[in-house]
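One chain, subunit A, links the two complexes that follow: it is found with subunit B in the first and with subunit C in the second.
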Partner chain A sequence: MDINKFVRNFEDAIDNVDENTLSGESKFQEIAEWDSLALLSTLAMLDSEYNVSLSGEEIKSCSTLQQLFDLTISKK
Partner chain B sequence: MNDSPFDLTGKMFLVTGASSGIGRQICIGISQMGGSVVAVGRNAEKLSETESLLKEGRHIFFSADLSIEEERLALIEKLPKLNGIVYSAGVFASLPIKFINKEKLNSVYGINYEAAAFLVQTVLKKKLIEPNSSIVFISSVASFIGAPGNALYAGSKAALNAFSRALALEVAKSKTRVNCVLPGIVKTPMTETINQQLSKEMIAEDEKKYPLGYGLPEDIANAVVFLLSDASRWITGTSLVIDGGLTIQ
Partner chain C sequence: MKSYIKAISYYLPEKRLDNETIAKEFPEWSIEKIAQKTGIHTRHIADKNELSSDLGIASAKKLFQEYNIDPKEIDFVLFCTQSPDYFLPTTACYIQNELGIPKSSGAFDFNLGCSGFIYGLSIAKGLIETEQASNVLLITAETYSKFIHPKDKSVKTIFGDAAASTLVSAVEGAENKIGPFIFGTDGQGGKNLIVKAGGLRFPKTDESGTDFTDEYGNVRNDNSLFMNGSEIFNFSLREVPPVIEKLYTKANLTEKDISLFIFHQANKYMLDFLRKKIKISEDKFYEYLAEVGNTVSSSIPIALKNAIIEGKVAKNDNLILVGFGVGYSWGGCIINF
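Up next is the complex of A and B:
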């Protein structure tokens, strides 16, 4: 599993985010498209692509996509 | 007590979802009004917790996964004559439409709608229900308001609403009544799981939308007990919204 694929999966899950616009450094909860549907979509993506379920609080605790990736890996 | 039209003494009700939350509280409410239950859930341990909370009666406890036909039929074999059914078994799913697939659809519709429809159908076919009975489906306000991620869940509940209206007409001749109860958010193990997905601020924000705050299981159970009793004998085919004022706004 690599961070680049993870970022692509995230971009894919969130509406109106273009491909290759984010990176591991991106503060995903600060992008304009981040809302409750984006949160649900992120949870659904983590479940379908990584078979990991995180809580809302856990997602909130991550600042960058890299941190979210690391947390996801740690739950595998 | 026996003169009260709300009394359920001597009556027997099938209650699904009896191992938790709203269904468990409905069993308690029925037993407090003198009635007995066939209490169904998957988890035998949680069912026996329900048992410990009931007043005495001719209660029967049965573990079954109602989405599996064989297990439904095994339950049917054990049923006494019924004076009513409460279908409270159900699962919630919060899934944006982009992530829906056949498997997820089946897992939600399977227990929320299909199992309800076939369980009631079999009870009717086997003539296990007395005249003047009452059937109640626990639907949801989600069946008529939109929310992101709710497509599957809301659809399964809207299907229940529609099913119950047709059923109400088909059983009216035997004076059996059919109604849906549509709760807003009630604090149960189900909502605890949903809240896992949200942050504390989001939950606090959501509860503010409820003029009377979130509900408790007894807020639903008391209305169901009324719908099961003769006090509601002229009420059929309705969808009773119980949501602390959420949807009047």
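Up next is the complex of A and C:
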């Protein structure tokens, strides 16, 4: 599992986010497309791609995609 | 003695709330995106003076007319709602009188949301197969619109008002037409789908009626419906797939023995995700919510009725029904047509 694949999965999951526009350093909650539906899409992606269930609060406690990735790995 | 679903009719209030109207109310917001995710275009909304009892009675009258059933044949009324007329008396008693159902019949309410139809079938089966009743009128009716804050788009776009009447009747024979059942409950999730104030724990006060705005710009107060969408989504992903597995085991069936799956019509996004997760083929997974929205306890009977109308249910077909939501409460069953 690597961070680049994780970022691509995230870009894939969120509507209207183009591929290769984000990185591990991206503050995902600050992008224009981030809303309550994006949160659901992130939960769905974590479930289907990583078989990990995070709460909405846990996701929102992360600032960057790298932090979200680290949290996901820790739950595997 | 066995029980079976003899008839289903449903009633939708006349007033509609379509996406175009919602788009005008929230001009800064993309309703197209929401419509694509939820799969909902229109919801029906009860009039100011139209209660869940009224919707329920209207659905029962439709059932009597459509199937030529005499209300005198009914010997039990089950009324499932979370929006009753009063704390007391029981709404089912009011309905018995309004429909001209005999005084010799039993009647009670039960308070469940999205799992309510499954529970209703279970209670009806129990009453009939222990020979306590022969014709159980199961009414599911909900008016969540009365709990929804006009400025809370998170729930306004999802829920629609409706009622369904299902007649569960006795039939001679040994073949199981309803069941087996699987149930589940997790009261820890109660806070994630709730109308907090207005009961006895938190009576309505000036404070409970004070509006606040959440992080996504939705306005509500403690008298109105709150849904934590991400937690409800996680709950459904966690609890629904095992219900299917347990039903297969309990009934000694596999996916290929099931001709149609009808889940509580929560929203299209969640339904499609669950379908893929459980690996149910698309042609066996029935969805009906574009014109009605999420109608809580009536979503399964409304979908089932439309599946029958569309010719998707044949005699002797096995169907899996699953309801899940507020409580948390969930339940699933197999029915044989």
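In this section, the second predicted complex is superposed on the first by the 76 of 76 C-alpha atoms of A that agree within 3 Å, B and C clash if a C-alpha of one lies under 4 Å from a C-alpha of the other, contacts with A are read in each partner's own complex, and residues count from 1 in each chain.
Convention: contacts are C-beta pairs under 8 Å (C-beta built on N, C-alpha and C of every residue); 3 or more make two chains touch, one makes a residue touch a chain.
Since we're looking at a predicted model, the values are computed, not measured.
Contacts of A:Gly56 after superposition on the shared chain: both subunit B and subunit C are touched.
Of the two partner chains placed by the overlay, subunit B and subunit C both lie in contact with A:Ser36. In the superposed pair of complexes, A:Met45 makes contact with subunit B only, with no contact to subunit C. Common to the subunit B and subunit C contact sets on subunit A are residues 36-37, 39-40, 43-44, 48, 55-56, 59. In the complex of the two chains, the subunit C residues touching subunit A come out as 33-34, 37, 154, 216, 228-231, 233-234, 237-238, 269, 273, 276-277.
On subunit A, the positions that touch subunit B within their shared complex are 13, 36-37, 39-41, 43-45, 48, 55-57, 59-60. Touching subunit A in their complex are the following residues of subunit B: 94-96, 98-99, 148-149, 195-200, 202. The part of subunit A that touches subunit C in the complex is made up of residues 15, 35-37, 39-40, 43-44, 47-48, 53, 55-56, 59.
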